[in-house]
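Chain lettering (A, B, C, D and E) follows the sequence in which the chains are written, and residue indices restart at 1 in each chain.
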Amino acid sequence: MPSQRILSGRGLVFLAVLVAAAVLVPVLSLAVPPASPFHLSAYAVTLVGKYLCYALLALALDLVWGYCGILSLGHGAFFALGGYAMGMYLMRQIGARGTYANPNLPDFMVFLNWHDLPVTWWGFSSFTYAMAMVLLVPGLLALVFGYFAFRSRVTGVYLSIITQALTYALLLAFFRNEMGFGGNNGLTDFKDILGFDIQSAGTRAALFSASCAALALGYVVAAAVTASKFGQVLVAIRDAESRTRFLGYRVETYKAAVFTLSAMMAGVAGALYVPQVGIINPGEFAPANSIEAVIWVAVGGRGTLVGAALGAVLVNWGKTFFTGVFPEYWLFLLGGLFVGVTLFLPQGILGLVDRLTAPRRPEPPAERPVAPDEQVLPAPVAE
Amino acid sequence: MPSTRIVAALLALLAGIGAGLGAARAAPVDDALAHFAADKFPETDVGIDALVASGAPTAPAVLGALSDGRLFFDPGSRKVYVVDAAGTLDDAATGAKAADVTQGGLKKVRLNNAIRSKIAAAVGGLDLVSPDRTKRLAAADTAFAAHDAKARGAVEAALAKEEDPAIKAMLVQARAAIVAASGTGPEAERLDAIATLKARGDGDALNLVDQAGAAPDASPAVKAAAASAAAAIRFTLAVWQALQNAWYGLSLGSVLLLAAIGLAITFGVMGIINMAHGEMVMIGAYTTYVVQQALASSALGGASLLVAVPAAFLVAGAVGIAIERLIIRHLYGRPLETLLATWGVSLILQQLVRTVFGADNRPVAAPAFMAGSFHVGGLEITAGRMWIVVFTVGVFAALQIVLRATPFGLRMRAVTQNRRMASAMGISTGRIDALAFGLGSGIAGIAGVALSQIDNVSPNLGQSYIIDSFMVVVFGGVGNLWGTLVAALSLGVADKFLEPFAGAVLAKIAILVFIVLFIQKRPRGLFALRGRAVEA
Amino acid sequence: ADETVKVGVLHSLSGTMAISETTLKDVMLMLIEEQNRRGGVLGRKLEAVVVDPASNWPLFAEKARELISKDNVAACFGCWTSVSRKSVLPVFKELDNILFYPVQYEGEECERNVFYTGAAPNQQAIPAVDYLMSADGGNVKRWVLAGTDYVYPRTTNKILEAYLKLKGVKPEDIMINYTPFGQSDWQTIVSDIKKFGSAGKKTAVVSTINGDANVPFYKELGNQNIKATDIPVVAFSVGEEELAGMDTKPLVGHLTAWNYFESIDTPENKAFIDKWHAFTKNPKRTTNDPMEAHYIGFNAWVKAVEKAGTFKADPVIDALIGVSVPNLSGGYATVMPNHHITKPVYIGEIGADGQMNTVWQTPGLVVAQEWSPYLEGSKDLIGDWRSPMSCGNYNVKLGKCGGAA
Amino acid sequence: MLNVDSIDLFYGAAQALRKVSLTAELGRVTCVLGRNGVGKSSLLRAIVGQQPIRGGTVSLAGEDVSRLPTHARARRGIGYVPQGREIFPLLTVKENLHTGFAPVGRALRHVPEEVFDLFPVLKTMMHRRGGDLSGGQQQQLAIGRALVTRPKLLVLDEPTEGIQPSVIKDIGRAIDYLRGRGDMAIVLVEQYFEFARDLADSFAVMDRGAVVLAGARADMVEHEVRAHLSV
Amino acid sequence: MTDPVLTSSLLYLDDVRVSFDGYKALRGLSLVLAPNEMRAIIGPNGAGKTTMMDVITGKTRPDTGTVFFGGSVDLTKRDEAEIANLGIGRKFQKPTVFENHSVDTNVLLALKAPRGAFDTLFGRAARDRRERIDGILRRIRLWDHRARRAGDLSHGQKQWLEIGMLLAQDPKLLLVDEPVAGMTDSETATTAELLREIARDHAVVVVEHDMAFVRDLGVKVTVLHEGAVLAEGPLDQVSADPRVVEVYLGR
């Protein structure tokens, strides 16, 4: 019923795991000697840190898709924009230590014979400014894009496809060297962040903990939003948008608000991702990346938040594992995993967990009713 | 083809028209041929001149062989041989069979583009008086393109003899081109040339008119005539250019349509977010490859593409049916999960093809009827593209008939609109679903046949069309086949009108932005179904 | 017996780049197998660790890290696109390992941990232009620089543009065009080229069009009847492998510039091709330039390891400079202090059989200019990793090394 | 014709039907009554095969059809007018009617005249999309569509819902006519007591998933039945 | 706005015309409703009753015609949410509820309260809210079903839930489309009583085909036919009208 508890038992477990990881991982990687079996290598720390960023992206996506039925096939764009904002800060940190030793310009501008720093780059030497951009750029784009689209009542696949068009257009734009963001190569070869060597084990551990914290915070925010009456209106919109309007709710405001919030979360995820993987380039805008993010959510369990995060970590871990161990056959395994999850775990992994932990609960109906937003073909609805 | 050309050249030689070629008949052919055996381009170049000058009866044959890469030499003896079409060796000097020599010890006389051009010019001069009409026409065309002052005599000689009006006109143009390009000669002749070129009205003519106008000693009258002719030609060209862009747009649009049309069924009508659609296209393309390989040596080799169409339909359709029965079937009522499952299927199919055929591209040859291009006025239309447009129209029409005029089409639409009720009406939903998905996949496979003609046949083929396909179906309005048609064509045309001044990348970005904005205006696509029936 | 020594193979086996990179993985497996048959290196067997970075750039960095820190490889052979190299670069520097990069690239880089066995622009692009400007090449006066829209074509074209202008080509005689990755509709562009080429001056196309887009590009050239004698196209990214996937009839006479052709008639090459056919059990598998680059890189590495007497990265990096190994065209490739190698340059014509026939070659070996003298930002830089300089970007004007922290 | 024998039906863990039995004979109308949510529609869904049953059997003309899929039952002669009409929204009225051709032989693939006699409004709307029709028009279309399949058993779920009084009378006359033809068994779920009473040959009253009162028309005592229908 | 009829009316429709792809659903419909008036609307299937409600609630824009609410608000210029916030609530002909929400959340979402995103995100639950919801749930006899998914309700139960949502909304004007379809006779009587009670301080427009129910309401009846008013007056008067008998009631 209304005003449920914000954090379920599952949510608390999830937060506890994150807090524990945020504390334990730095200890295991910094204080435990490398020889010890409990030592965590920089490789492992960074890898898991990356998964956590993906998990935050998945969480952001689940917020709009799972609860409000907005299937964004362009969420990677917000992630990438956040990443670029962070990347630009990191580039400016290099200063005169670049290949061409130019104190004013990043290397790629020097070798393309540029002379002045483009306006878009101004201010990025400041960490505060850059962090503000991490939130503002994706947030503003989502707000403008979302406000117009939702006001025009673009829904369902139409919305999905224009979000895809958005990220695709950004992909092509960022490929262009003229854009001034490093073209296809993007931004890379970072040196330090806030004065700390970006490659040192300490910085890595700190970035890891920051990712844990961001994910935890993102989760608490998302859980609070979904537990509020606002969240229930979102679900109402998801299931019967026009009915919600007839009750007097301004659907476009709700959608734009949650879309913007979600985009900002994705931006933060991207910003944390970049220093850990060491590169940001237009490939992050690829539509396939955004589709994959949707898939993480579906694998974990749509509309569960925790499941989305879990799905992101699991699928990516699977990818890492399979590409290393079965480089020639990993696509069979990953593809098979996706097919298997849909066929055998219709509510995602978390659905399975639910079924196993609460065996006496009534079985879910064989055919879940289709929410109107999912209806690809518009369904006939009341007069 | 080469052999007829040689015959023609020979006839010309024997008739003694080769502008002084006959006189030098006694010159030692062997000397000329020796240059070919030096295995150096400058020597080869000299050899060609010497051979033409020698007037040897075997010269055309040798030159033909050289340009076709059939001229060999023995590095030891420095003797030169021609390999004829049947693969036997002839002594280049005498034309006699060289029975005692084998190809194994011989080296090919190497060619480059400069040499190819030279041979073409040498052989082309001979062709101007060939008895073969098409050959003369081609030679006149070449003479126009080359507008080489040295050829003026040959052109005029040919003009005097020529009776065919089309060729005559072409020769007149060639002479005009020579006059215009040379920038010399009496004023009347120049004005005449400008008028001829203005009537021709293409890009080459424009260049030549400009050259005539810019000649150092051009009189004011010539200058004025050239300027007005240039303006007139520019206008004509602009008109043709617009038409040309429209054609490019149409042909791009029909490729988009072909790629999207199967998706218009599996996604548009059935509501399955079919991420494996591109892979069905890919399977069609690989089927084309396999069919072509299998038929390569058989009598059907030339028609392999025609065989590939039904084959691709069946193969992709069968794969589609298998996917439907094994996976999709369990997902009706959960449309979003089809996204997840078909994405998985798409990964599996890509890797499967990569494992079976390898990661690299497979070659698919174009049949003769799809090669080359032809002109309609100032329009250049490439045969391959034209056939794809025709093919697309055919597929579209056939599909419309199936969907609108057969019980299957009606049942399919009923099933996808309300599965439970359709079943209660006695429609076997399982069968219809499988067939419908099979149909959509089969059509995607057919698209693959056409795409194998213009794109890579590689495991990634499908990936490059999937986004565009969804874009087209959605832009047109989901569930509306006509919408898909109009969307594909208009996106194609818009792209091709933007590309010339925005560049390919910006044009593509502009199109995407346009789609985003357009959907704001029409949130259910171009041809949105309206009314209570579709209200959500 | 000693433990094996691991060697990383970092090439995409899936995704868009698999088309090109899969072969390089195979050739590495062949070279390693062969080396093991000869008894390995320093008495130890080599073991290839193959991973799939799946044409995904951040995944390249992750996989590089995995190879180096988890699998403890002694060196890596990998990458194709420049962006993948840029992506792994910080990892190789941080973990101090060696990458052999086998593909022609845009230059403007000289890193201690990377050995560039592919061509720098002056080992491929510049000679190709020189050839076309020569009488043999047809005295080309007008130029179309067509490329895929990414950093390698853009930089290469920038260099070429500067070079052409230096040679007196007027700006209106240069047309530059970029297309997206995977461009498949070339109608407009090819017709523009045709128009550009009909201005009365001999015109050629310099193509830095990337992999996938080439097939439809050449098909369109053929369809619009652009013959090599009219407007020749010289390509830098089209090799035997790409041609194997095309119907080459309409392409005959168009040109490519590389440092190796499968058709080069030397005993070394013949032996290599035979081994390759035997290894892949496919008598039709082609060989190409990046494969030769790996062949050279691998042999150089083996030699340097033997010279250094250890597999440790630092001594091997130092030992690599100056190592000379045979290439497949009958000469030697020497690893220079700038971590690039010496290469002959060949211009070849595409034949109907999908092979290149050499029409021109540089008289001797060309040393790489990692920093282009034609670009303002880099014309004063040199790279030399020998001590005492030990620097990849020494500014001769300022007399100091850039970027050193 | 129809014999429902002691069936149980569940939605998940919730039982919607408990040992329900019902019979219907050719030329006779069987009426099912009951308050909201007692399981009337569930019973019909069990008969047509849209919802699987746990126990008991459904047999048609002596054949056990309990395990047959819906479309196979339709082919054996069940015509269904569901609650909520379930018109195919994007098909035209004509196409909606033609979906009824699936289970019949080629010779019968035309819309029987009586459909237009009963519901003349359909004739004027042949080319409009079914989903655009008004609620009552859709209801008429749903009945017409079921008749196209030439059913031996016609199952109607609240067919008068949302229909104007004159057409309710027409429907009543239509059911009477169909009964009179004697080649069809009719099961009618109805809330509207008078309507049911006027038509029923036999009846069953349901409450909480079970049949609590059943019998022939003569046994249909108004106040007893109404007692079960009131709240 | 000097027209006295307009200013004194709660709802004022004049010459409203609506057509769909050429099909004329409303052909010059005019209707005036006084504050706190209850009006029954009857008319043949397809007469345009539901379309009229669509026009009032902003779902359908009329081609021409005026629609005023409260004397001065032009409804044709407003969207659905604005109109709902003006105080116009609606029960749909085909029950439309939030299927994945529980029954009581459905009522909660309908409950009169600020609708802004900010309000719902940070707003505090009022103390009396729970009671209001419980009261409504009991009244529509879904108290026992309050925790169930609304999608699992039977057809009739959903009808009731919609009525409950309408009550929760507490609008100035209630538009009720076929409230008793699928109800038993006794439920129908209860509903009539409920509506009469509401009508004491609300305006109500009821569309029904159940004549017994309309009679129970005991209010003025408007008969629509082919998109326009055919007759108006007390039920006995209009049901005696031969045209009404001909097109609607039948013989």
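We adopt the following convention: a contact is a pair of C-beta atoms (placed from the backbone, for glycine too) under 8 Å apart; a residue touches a chain by one contact, two chains touch by 3 or more.
Listed by chain with UniProt protein names: A = Urea ABC transporter permease subunit UrtC; B = Urea ABC transporter permease subunit UrtB; D = Urea ABC transporter ATP-binding subunit UrtE; E = Urea ABC transporter ATP-binding protein UrtD.
Given the structure is predicted, the values throughout are model-derived calculations rather than measurements.
Shared contacts of subunit A and subunit C, meaning chains that touch the two of them, come down to B. Listed by label, the chains touching subunit B and subunit E alike are A, D.
Comparing per-chain C-alpha centres with the mean over every protein C-alpha atom, the closest match is chain A. Comparing mean CA positions across the assembly, the chain most remote from subunit A is D. Set side by side, the interfaces D-E and B-C show unequal numbers of C-beta pairs in contact, with more at B-C. Subunit B and subunit C, compared by their mean Cα positions, are separated by 30 Å.
Computed centre separation for the pair subunit C/subunit D is 75 angstrom, with centres defined by C-alpha atoms.
Measuring from the averaged C-alpha position of subunit B to that of subunit D gives a distance of 62 Å. Distance from the subunit A centre to the subunit E centre is 44 Å, each centre being the mean of its Cα atoms.
In subunit B, the residues that touch at least two other chains are 350-351, 417, 463, 479, 505, 508, 529, 531-534.
Counting only residues that touch two or more partner chains, subunit E has 20, 50, 93-94. Along subunit D, residues 11, 14, 89-90, 131-132, 134-135 each make contact with two or more other chains.
On subunit A, the positions that touch subunit E within their shared complex are 1-3, 225, 228-230, 232-233, 235-236, 238-240, 242-251, 253-254, 257, 369, 371, 381-383. If you check the complex, the residues on subunit E that touch subunit A are 50-51, 53-54, 57, 59, 79-81, 84-85, 89-90, 92-102, 104-105, 108-110, 115-117, 120-123, 125, 147, 151, 165, 169, 177. Subunit C meets subunit B in the complex at residues 13-16, 18-23, 135-138, 149, 177-180, 182-185, 187-189, 191-192, 195, 198-200, 212, 215-216, 219-220, 222-225, 228-229, 232, 241-242, 244-250, 253, 349, 351-352, 357, 359. Across the complex, subunit D meets subunit B through its residues 48-50, 69-71, 74-75, 78, 80, 82, 86, 88-91, 95, 98-104, 129-132, 145, 149. Interface residues of subunit B facing subunit A in the complex, by the touch rule stated above, are 267, 271-273, 275, 327, 330-341, 343-348, 350-352, 355, 416-417, 463, 467, 470-471, 474-475, 478-479, 505, 508-509, 512-513, 515-516, 519-521, 523-525, 529, 532-536.
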